[in-house]
Amino acid sequence: MGWDPVVMFFVFGLLAGLSRSELKLPPALYDTLSILLLLAIGLHGGVELAAEASPVLLWQTLAVLALGCLLPVIAFPALRILRFSRVDSANIAAHYGSVSAGTFAVAIAYMLARDLHFESYIPLFVVVLEVPAIIVGLLLAKGIARDTDWRSLGREVFLGKSIVLLLGGLCIGLLAGEDAIAPLAPLYTSMFKPVLALFLLEMGLIASRQFGSLKESGIRLAFFALAFPLAGAGIGGALGHALGLSVGGTAILATLAASGSYIAVPAAMRLALPEANPALSLTASLGISFPFNILVGIPLYLAYAEWLIA
Amino acid sequence: MGWDPVVMFFVFGLLAGLSRSELKLPPALYDTLSILLLLAIGLHGGVELAAEASPVLLWQTLAVLALGCLLPVIAFPALRILRFSRVDSANIAAHYGSVSAGTFAVAIAYMLARDLHFESYIPLFVVVLEVPAIIVGLLLAKGIARDTDWRSLGREVFLGKSIVLLLGGLCIGLLAGEDAIAPLAPLYTSMFKPVLALFLLEMGLIASRQFGSLKESGIRLAFFALAFPLAGAGIGGALGHALGLSVGGTAILATLAASGSYIAVPAAMRLALPEANPALSLTASLGISFPFNILVGIPLYLAYAEWLIA
Amino acid sequence: MGWDPVVMFFVFGLLAGLSRSELKLPPALYDTLSILLLLAIGLHGGVELAAEASPVLLWQTLAVLALGCLLPVIAFPALRILRFSRVDSANIAAHYGSVSAGTFAVAIAYMLARDLHFESYIPLFVVVLEVPAIIVGLLLAKGIARDTDWRSLGREVFLGKSIVLLLGGLCIGLLAGEDAIAPLAPLYTSMFKPVLALFLLEMGLIASRQFGSLKESGIRLAFFALAFPLAGAGIGGALGHALGLSVGGTAILATLAASGSYIAVPAAMRLALPEANPALSLTASLGISFPFNILVGIPLYLAYAEWLIA
Amino acid sequence: MTLPTRTLLTLIGEAALESKLVKDLEAFEVPGWTISDARGRGSRGVRRSAWDNEGNIRVEVICNTELAQRLLAHIRNQYHRDFAIICFLSEVQILREEKF
Amino acid sequence: MTLPTRTLLTLIGEAALESKLVKDLEAFEVPGWTISDARGRGSRGVRRSAWDNEGNIRVEVICNTELAQRLLAHIRNQYHRDFAIICFLSEVQILREEKF
Amino acid sequence: MTLPTRTLLTLIGEAALESKLVKDLEAFEVPGWTISDARGRGSRGVRRSAWDNEGNIRVEVICNTELAQRLLAHIRNQYHRDFAIICFLSEVQILREEKF
């Protein structure tokens, strides 16, 4: 069987949710799972970074930062053409400029299961991509020199749960190094897939609830949420290739570009741009693009990366 | 020492509860543990089923289904003789026709610890036994052609948490097969016993609270809750033998027949037969039969199975 | 790098808390972690006790009990000299006479990481040290023959969560022995450090909130909370040496004496001595002494133990 | 500023009823509701939230008096005999009259 | 339909008091009570539920005015000096008069 | 025993607002507040607590009428347009007048 059981957990959650089963995970479990995932990704990245760091990395990081600014700028006019309001377009664009840590975790698991090498410092890119899209999104919505409280927005973003956990894990991994971290390794080795499977079960349940809102927001949103990941993956993969990443690394960067945030960005945008309709952006990123990337996208982006390198 | 530490966790919980200690597990932990147990049982069964499925299985499954219909029909008159009301008798009968996943998990752990082989598809029987007793119980209470809303009852039962998790796990295990599932194997190998131990700790705490209600419902209930498991095990074991199950499989089927549900059935019957007193059925199945089966029953049923086969 | 990643998790939590990040762990996770830690410590101790018990142990236990009575008697006048009120002094003294299970867990992890042998029955000392300080503290506050409800206080103390879990684990480990307990061993082997790391992350977050109260209670409290651990460690280490403990055991006993309770004692004293200000004692034990012991104390106490034995 | 008033209906009852009650509230077309978890004791014994079948929920509905009374009557007829449930009304002042 | 009225007594205070308060409520033979978890700030500082010794509980008791006043007096005497706790009364309309 | 009265202001709204609302309450120098978690449905759709961005909170503030009205006005201006939030007032009798 080619099917990955981890992905099947997502489908299971989706089906359970759509058939309106009584199944629900306690909220504290979901919180715990996402904390474990983010920490594990960070720790793993930090440990590998300690071994593999190089001056090239700096340029790559800057290029990825630029990617994070570019993506919302591409998404915004596309959304405007699809006749979304200015604030809604900016809001959705910010989501897609940023990344989904869950999608990233599935991509990593996918590469590991296929013994595909990828640059081990890639979690750093996740951190780098989380932030700029939020700022670009707000500029798109409000222009410069407006009443945005950048200070408290900065707080919200840099001190948000995901960034803090990713960065904290990264630093601890970096400082401790491979030997000292060994007793904590289960977090990103033997426990990683079980945690990811349960996380995806809950994501399936949550995604199934987004389908309700889909009826209202309709076909235009669905179109964007399916088309933009392909465009994003195209750009992300091309950049990965240009930066000289491995096949695995290129495919993961394509996946990151294709994915839309559903944790950090919604929380930040809800407070910074409350006029935007959060149902639209969540439905798109969580209800459509997330399942699409998990089920169809990642293998596709890997094939694309292989084609690029060959 | 012959004592199983997993069972001692139950006794520990019982003692802590009876001595009114402050110890309590967070509800979210209990939920998480039962989700993990049910998933693990399902996954494990699915993986083994993928390897071991055979046409015989179909007949065995049908026979087990019949067992699930038979048990409440036996329990009901016994309860009537013990002078329980019609609805209460039907309600309790439904609980004992169904099964306790916790008891099942302990039985499995018991067999594994003794290196006793059992049919790996047995989790399927748990799924099959969950449902029919509920329907038979309702028929016993109300007769046919009454105002029962069978549609929404069906929902409640088939989409209830336990069935969904067992079935979901089973399907994922079946579709993925042993190799692909390997990274999730900790769920039903190294993590199974620790999870079960904590689960039993909480079950001990919960069971200890049932003893309060025991005073009211008195000796008749206690008698039933101790005698019926023996009768059920007698029938279940005989059936297992007749179906040609191994010693381990026969003992487990006896245990299933002996156990009474305390998750799926109470939830369904509370809504479908609200006139029944839920304290009676929970006290019996959770407060008396569960401890009895865990502490005394399972070794007994294994000896019985050995005697049957010899 | 000499830094232990487990300790870095504490620092991470501290920094995240002080920078007012959004990071928080679900309360149920924190409860779960502390339950797992206490159970693991107890189980581990019980298993080892089963192998290593000796008549000497009885005398050692009595000596440790005496230590638990002595420490608050030393702390109390010191606090009075620092001009704390009678009840506050008694309350704080009770905290420091008792022990912190979290500090103990870090000390154990520290020894294990350095392959330092220590007496395996040491968790017994944790249990023994939990209680007497509370009683001595109350006597210091109220004198004898007053209105204290000793009965319900006894309940509160002996049936409090920490003691019950430690004792329960100890008994189960003792009765089951090493072979039978093997399937539960992950609780105190592979899972111990990851659980401890997350626990310390939360402790860091909690400790960071105590700093706010520090401003009010000021320099006198900080002085006590830094100086008393050193005094306590001096006495505890000397006792360990006198009792003939190994270097590791001596260092751990010093650590126990140096640490102040922040789970069992606050809960008991809040109800038994409500006039005392709980902010003072928690700030001292959790906000100052805990970080101090974790970051600086344990290596120091180990050096002291080595010096004593040499 | 004098504010318009409405009735706040509070139900406290066993958690197993949640989905049934929500269906009822939808059928009665109430303008909204709020649910939180609780535990308690009444004439039907102690209800703890540590166990699926034992916890309570606390449902609040703000609506006009007439609707509240109809809801109350429905709950009395439907649930009072077999379920642990209580309800009570009080008067509250609201903003944005058109919402409730 | 005019409904009989009773007093709703609400206590908000530190979670450590839960078992003590429940014993008091039993001693006063109140007809029932409901407890839920909360967090907050008052004159005794912030109380979060992330930490055992810091969370709050919210206790509701519906009973007749006389009993409510006696309970109130008891709580004032017993807890107000040393514990973070507040209480307030309001009037509610109830169903099934005989229960409360 | 006749007790002094105060106003109980209850807000129910999306959890994302918690820290903003707490800052507001501090700015208005209210004597205290209590927050608990909830879920619900209103004109802005269903809000479940299983998901960070969906749960509701329930905020209670006891204070004098004048302050409650000012708070109410602030919330209406600040949040009603863009956020799922409702608020209502009721009258409660309190102990220890000086606290509120």
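Should a chain be cited, it is by its letter among A, B, C, D, E and F, assigned in written order, with residues numbered from 1 in that chain.
Rule of thumb we're sticking to: a residue touches a chain if its C-beta (ideal position, glycine included) is under 8 Å from a C-beta of that chain, and two chains touch if they have at least 3 such contacts.
Here the structure is a predicted model, which is why all the values come from computation and not from measurement.
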item	value
Chain labels contacting chain A and also chain F	none
Chain whose mean Cα position lies farthest from chain D	C
C-E or D-F, whichever has more C-beta pairs in contact	D-F
Maximum centroid distance from chain B, chain identifier (CA atoms)	F
Interface residue identity across copies chain A, chain C - same or different by half	different
Distance between chain centroids, defined by C-alpha means - chain E, chain F (Å)	19
Interchain centroid distance [CA atoms averaged], chain C/chain D, Å	46
Centroid distance [mean C-alpha coordinates] between chain D and chain B, Å	34
Chain A and chain B: spacing of chain centres that average the CA atoms, whole Å	41
Touching two or more other chains - residue numbers and ranges from chain C	24-28, 31, 191, 267
Touching two or more other chains - residue numbers and ranges from chain E	36-37, 90
Chains touching one another, given as label pairs in label order	A-B, A-C, A-F, B-C, B-D, C-E, D-E, D-F, E-F
Chain E residues within the chain F interface of the complex	10, 12, 36-43, 56, 58, 69, 72-73, 76, 80, 86-90
Chain F-facing residues of chain D, complex	1, 3, 6, 8, 31-37, 60, 62, 90-96, 99
Residue ranges of chain B in contact with chain D within the complex	24-25, 27, 30-31, 202, 205-206, 209, 213, 263, 266-267, 270-271, 274-275, 278-279, 282
For the chain C and chain A complex, residues of the former touching the latter	1, 3-6, 8-9, 12, 16, 19-29, 113, 190-194, 197-198
Chain B-facing residues of chain C, complex	26-28, 31-32, 35, 155-156, 159-161, 164-165, 168, 171-173, 175-177, 180-181, 183-184, 186-187, 191, 267
